[in-house]
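Shown below is the structure under consideration.
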Amino acid sequence: MPHIALGGEDRTDEQRDLRMELRRLLTRLWSDDHARELADGDRTTGAKLAAVLEHDIALGALLVPEELGGHGGGCVEAAVAAEELGAASAPSRLLGDAMSAHLLATSGDAELHRRLRRVVEDGVPAAVVWPAQDATWDLHQIHPVEITGAGASGRFRYVAEALDAALLLVPARRGAEFGLLLLDLSREGSGVELHPAKGADVLRPLGGLTVAGPTGEWVGLAEPQRVFTETVALGAIVLAAEMIGAARSCIERMATYAGQREQFGRTIGSFQALRHQIVDALVAWEAARAMTYRAAAGFAAMTRGTARIDDVEPMARMAKAAASDALGEASETCIHVYGAIGFTWENPVHLAFKRWAASAQIFGSPTEQRVRVCQHAIINAGGRAGGALRVAG
Amino acid sequence: MPHIALGGEDRTDEQRDLRMELRRLLTRLWSDDHARELADGDRTTGAKLAAVLEHDIALGALLVPEELGGHGGGCVEAAVAAEELGAASAPSRLLGDAMSAHLLATSGDAELHRRLRRVVEDGVPAAVVWPAQDATWDLHQIHPVEITGAGASGRFRYVAEALDAALLLVPARRGAEFGLLLLDLSREGSGVELHPAKGADVLRPLGGLTVAGPTGEWVGLAEPQRVFTETVALGAIVLAAEMIGAARSCIERMATYAGQREQFGRTIGSFQALRHQIVDALVAWEAARAMTYRAAAGFAAMTRGTARIDDVEPMARMAKAAASDALGEASETCIHVYGAIGFTWENPVHLAFKRWAASAQIFGSPTEQRVRVCQHAIINAGGRAGGALRVAG
Amino acid sequence: MRSLTTGLALTAQQAEMLDELNRYLDEHFPPEHEGPSGSTPEWDSDEEYEWNRRFNARLARDGWLTVHWPEEYGGRGLTPMDNMLVREQLSYRRVPICNANGLDMLAPILLQLGTKEQKDAHLRKIALMEEHWCQGFSEPEAGSDLTSLRTTAIRDGDHYVVNGSKIWTGHAMRAEWMILLARTDPESRGSRGLSLLMVDLRNTPGVEIHPIRSMTGAVTFCQEFFTDARVPVENLVGPEHEGWRASQRLLEHERVRAANSALYRRDVDDLVEAVVARDVVDRATQAALGHMIERVECARALTYDIATELSETGRFAPHAPSVTKILNSRLGGDLTRLAVDLLGLDVCSYRADDANWDFYQEFLFSPVSRLGGGSTEIHHDIIGTRYLGLER
Amino acid sequence: MRSLTTGLALTAQQAEMLDELNRYLDEHFPPEHEGPSGSTPEWDSDEEYEWNRRFNARLARDGWLTVHWPEEYGGRGLTPMDNMLVREQLSYRRVPICNANGLDMLAPILLQLGTKEQKDAHLRKIALMEEHWCQGFSEPEAGSDLTSLRTTAIRDGDHYVVNGSKIWTGHAMRAEWMILLARTDPESRGSRGLSLLMVDLRNTPGVEIHPIRSMTGAVTFCQEFFTDARVPVENLVGPEHEGWRASQRLLEHERVRAANSALYRRDVDDLVEAVVARDVVDRATQAALGHMIERVECARALTYDIATELSETGRFAPHAPSVTKILNSRLGGDLTRLAVDLLGLDVCSYRADDANWDFYQEFLFSPVSRLGGGSTEIHHDIIGTRYLGLER
């Protein structure tokens, strides 16, 4: 199967190496059969893969700064890993790990830094509890956990990668102060209720979460809003890259199949109408891929202090929207190119189709992203023109 | 050139005859050369055509009830005529004539009926002054001319077919009462200012209109809102049918050309990708055409008293939106199929392309129509569910 | 219970017929049996299927399933337009039609080409769900290119001996009979030498049926293997070796069914209701939903035109089936994708009422609409070459 | 005056260069000379064209038009990425580039294949607008199928004698020189036996130029007739009979230009401003505009990748030009149609600032973007067959 790529996505040797290592490892450990076993409800092979990813590549430490015991990777490295995992239809905890690492590292809080170091050392599966349905990425517009004298209380309908986490990082509010509630699920038994939620994507089960009672550990944050918006933007870029990977695999599969399957005495790829549909999926994918890595590079620059979240946030939104559409188009076209075979459980394309139904919605649908990208541009235009911002809900 | 049609649009012999007569007449009198002359600014051939249309078919009397001296045609007949005029890129006053006839006839006012009879007898070019930018079709949401002791005052940025009209029917308001201001331009010189407005469609110049001072003749209406909404809905259906005609001509032209022009040693229509684009234009057209005649039949039923404007209005909106998209697709694809030749002034396709830019917008863009179609469905759903209507602007 | 409005000028008889039907359904069809896409081969449970099978038989007995059939076969002798009006209401009410292959594909062909004996033997049983039919056309190597099919049915005395395999056969796991397209002239190629045979799946030795699990998780299709399966010659429909044209007519009948557009109208109405129940509806959502309503109503307008034409002249324009097929197959995909987009992560847990379907299942089923009954590419070519006269 | 943000991690030098350029433009380029699509062959008036011609020459003299050229030809020896950054700003500021055929198509080929004499003779003059170039490729019977071209250039001593006709040549009405693709081997067919020649249009007897009026109402293209027109052999670019590959390279250079995406960003920013100035912006409009911004930024991200690759490795992926061409040509159409939709009937009277362009003119010009430089169908085939390896 040919690997497609416009070239130029890996700017450093480290990025190239990471991609190649993951590709080798996934080729060896994670076949379509494994993905199907997972879809059939067997989670043991998934656990084995997770162990190898943790042991051989220490994926959980990828975004942790070197001084805190991690690899010191940035958002581009996270995107590289997410793309390869997505292309292989492999389950992983990359989203939760990456968001947790960024949240704890960027907080500037010494206690949280120590906590992050322990997370890395002990290989603790962590997750940021941000409502998956939220499109605002704004701490002031979600309902954080409320902390009062009686304890904490809050409810999240859908959270990603919380179900098998041991440490939950929950946006919280105490009076007028915003911060973080740390829930160590290995220690505390009471007050936290987690339950699986119905979802489309077997590779990333969603959980519902209720917090009630005297539980967890409160940490105030100096810049809570910035820290959380950055963290969700990172999550969006990781999701985008994962969808880019899934879409790549669809395009590679359908190009291969269209070059082999014959009807009317010719390969079906020789029919211009079908060939052009595959090309259209590729063109949309190239554009979304470029945008995703541009957003990842922008995020990395922000982490280095040479870019602002105000500029990175719209890039992350555009990447997420474009990657969603690219995966929607690639997976649907792939099913169509395979004909009825594409509609079977046996053919793994449906995993990408279902992943789209979930990933395109997490942290806001493409339409929600676009509305906010435009609002960002309107604020700029309004600033320039000196006019007031006039936007209808 | 083949004439395309799914069949079934003409339900009566009268409709078939009207279509065939117009087709014969336009084939004889109105070639591409005439349309080009018009686009070059020569209005004399257009005037000749108008005279023949008036003399041979009395198009102005088409929608006037027989008891008032007209043909007694309905909205379906108007759609048939509009489609054929649109297909020929022929200018006409059909929109203004049809709207005026309906407004005057449906008012139930004896004085207005007498007026309509005179309009038919004398062949007076009449137009309804409804703001072309309005998408609400609602007398209470536009700014009608205000009539006070000092006279009438009002302003309309774009009005269709007013420039060469002799009688203008203007929505007006006197205190709490709504009605009609009749402006006889042949008699009165003062108070009315008409000036050409820049527009895309050479076949239907738009005019700006200002009314100021003691002018015109006030007629109160029993059901002003219903009467005007019906009139604008009729206008929308006529515009839809005209666009259906223009799109048909584009499809016929490109199918013919694609079957003749050769590249790579084959006709270009033998390339599946191009052939399917032509088919897509045809499919969109068939659907829009069916909707347009369904709306026209619905309007005719309403005129006969067997349907309600509440049900006909969304049909008119859907017809207008679908026909707009069909013409946009057909004209753009036609230009593309012709290659660079399609981009020349010599080739008449640009008239259809430009007509789209204007007609799709008059009485509301497709998006505006769709928003209101949905609001109509929400009102129905809200009524059923007992819930309140909750719609954001 | 709400009903579907036509926006047409109906005759008094038609209006009364639809009122009667809706009253009938209010009384006899409880909402908990509402189903997914009109003629789905998937069912929540065997019990659900059995209930609907019985209800379909009852509908037939009470005269609602075949109003356009001649009275001698249990119909009311009404027009195709009348039948379309009835079927639209049934679709809109989410009444599953279990035996679409029998009712809407085989029956019109039998009425046209069948012998008196064949009509007597099968038509009533089709309507009454005593014979559930499936359609054996596709083969592993003959999908879009149906004329390359290899299954043979070689004459041997008063039987045809069938060998080969059919695949992607919806309903086969429940069906008693199959309309089989097979090569009766072993020397032939392409579309010549094919014949249509009626095969009694349950009582013919040499027939094996293997279920196929689809991406929805359910068994949607089957593959069938024929090994020296003997089919009586009296089960040949139409002339021998000339089954291709009949099979194409049969597919055309499938394509011009109004059921899809009316069901889509129900889908979009349910979606509007779901969206209104969740939150304030913003204009981006209004524009998207309004556009979907418009597309559905355009498709309905087109099917009305076709049914009117069929009722008045007995035929329809040659490209009409392909045009409706393209419109409906696109609607199927786009509508369910819009539902996923508007309901978001709730799409899997949302259920309209307490019925046997949800938008997520319809979404998973939607790729079939682009392929089944001939891919959209095939239909584009049919219109482009046969109607517009362009070269292939 | 606003400038375009890149969202890239620029070097200090690059950032300073762009700041300097923007200050330069603030000082020397008055907004009333802002133009329509970056390299339009249409001009409001001769005066406007003359002003821009002089300003382009000035840009070249001040080192802004060819930063990636070698210093000996007036460049600054910077990278293709640096040039892209500069061109993006120029595009965003609506500075018309008069001589795009010379600068971006012929010059890269001359730098690669030209003789020392050819480079010395033409490169500086191209930059300084002393030679305005056009590109003579298409013929009446050779549009998409460029290899079927019939114009011949037969060697006769130290000249080629040219006979035939070229058409759809933008800029020909203003140009002094043409890059001509013609058949130098009269026995050849297809893509073999073609050569690239530089033709002095003004001083070669036997050359006639006829203007063609386009749907915009202006003269956009010309048709040229060659009758025994004699071109010196030293005007052959690259090897004789092997002009096809060079011409394809030349077109690729046209396609990867960043100019389009940056101009589209300006278009969409202007549209946002126009919409904000008119009314409250509803969410349907926000979603449409946000989607357009996203598509523009995706296209920009892709051109950045290509320019980086070109700067680092001297080449780009084989399908890169076709991918950017497809993206940009769709953007061209969809963006102007959105402008028509959002500005409504005002689109003809709306003018951003008091510049030489408006959205309606861009709308009328947009069909060209789907065709020029190879139709989107051709580019789909290039990607599908040459990159994905599918059969034709």
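What to note about this one:
Labels A, B, C and D are assigned to the chains in the order they are written; within every chain, residues are numbered from 1.
Here, a contact is a pair of C-beta atoms (placed from the backbone, for glycine too) under 8 Å apart; a residue touches a chain by one contact, two chains touch by 3 or more.
None of the values given here were measured: they were computed from a predicted structure.
The chain pair with more C-beta contacts between its two chains, of A-D and A-C, is A-D.
Taking the mean Cα position of each chain as its centre, C sits at the greatest distance from chain D. Here the CA centre of chain A is 50 Å from the CA centre of chain B.
Chain A and chain C have CA centres that are 40 Å apart. For chain C, residues touching at least two other chains, in rising order: 280, 282-288, 377, 380. Among the residues of chain B, those touching two or more other chains are numbered 271-273, 276, 366-367, 371, 392-393.
Within the complex formed with chain D, the chain A residues making contact are 2, 4-9, 11, 255, 258-259, 266-267, 269-270, 272, 275-276, 278-280, 282-283, 286-288, 290-291, 293-294, 297-298, 301, 306-307, 311, 315, 317-318, 321-322, 366-367, 369-375, 377-378, 381-382, 384-385, 387, 390-393.
If you check the complex, the residues on chain D that touch chain B are 138, 143-145, 148, 167-168, 212-215, 217, 220-221, 280, 282-284, 288, 333, 337, 340-341, 344-349, 360, 363-364, 367-368, 370-371, 375, 377, 380. Of all the residues in chain C, the ones that touch chain B in their complex are 2, 5, 7-9, 268-269, 272-273, 276-277, 279-283, 285-291, 293-295, 297-299, 301-302, 304-306, 308-309, 316-317, 319-320, 323, 326-327, 377, 380-381, 383-385, 387-392.
Residues 132-133, 157-158, 197-200, 206, 263-264, 268, 271, 273-274, 328, 332, 335-336, 339-340, 342-347, 349-350, 353-354, 357-358, 360-362, 365-367, 371, 392-393 of chain A are the ones that touch chain C when the two sit in their complex. The part of chain B that touches chain A in the complex is made up of residues 271-273, 276, 392-393.
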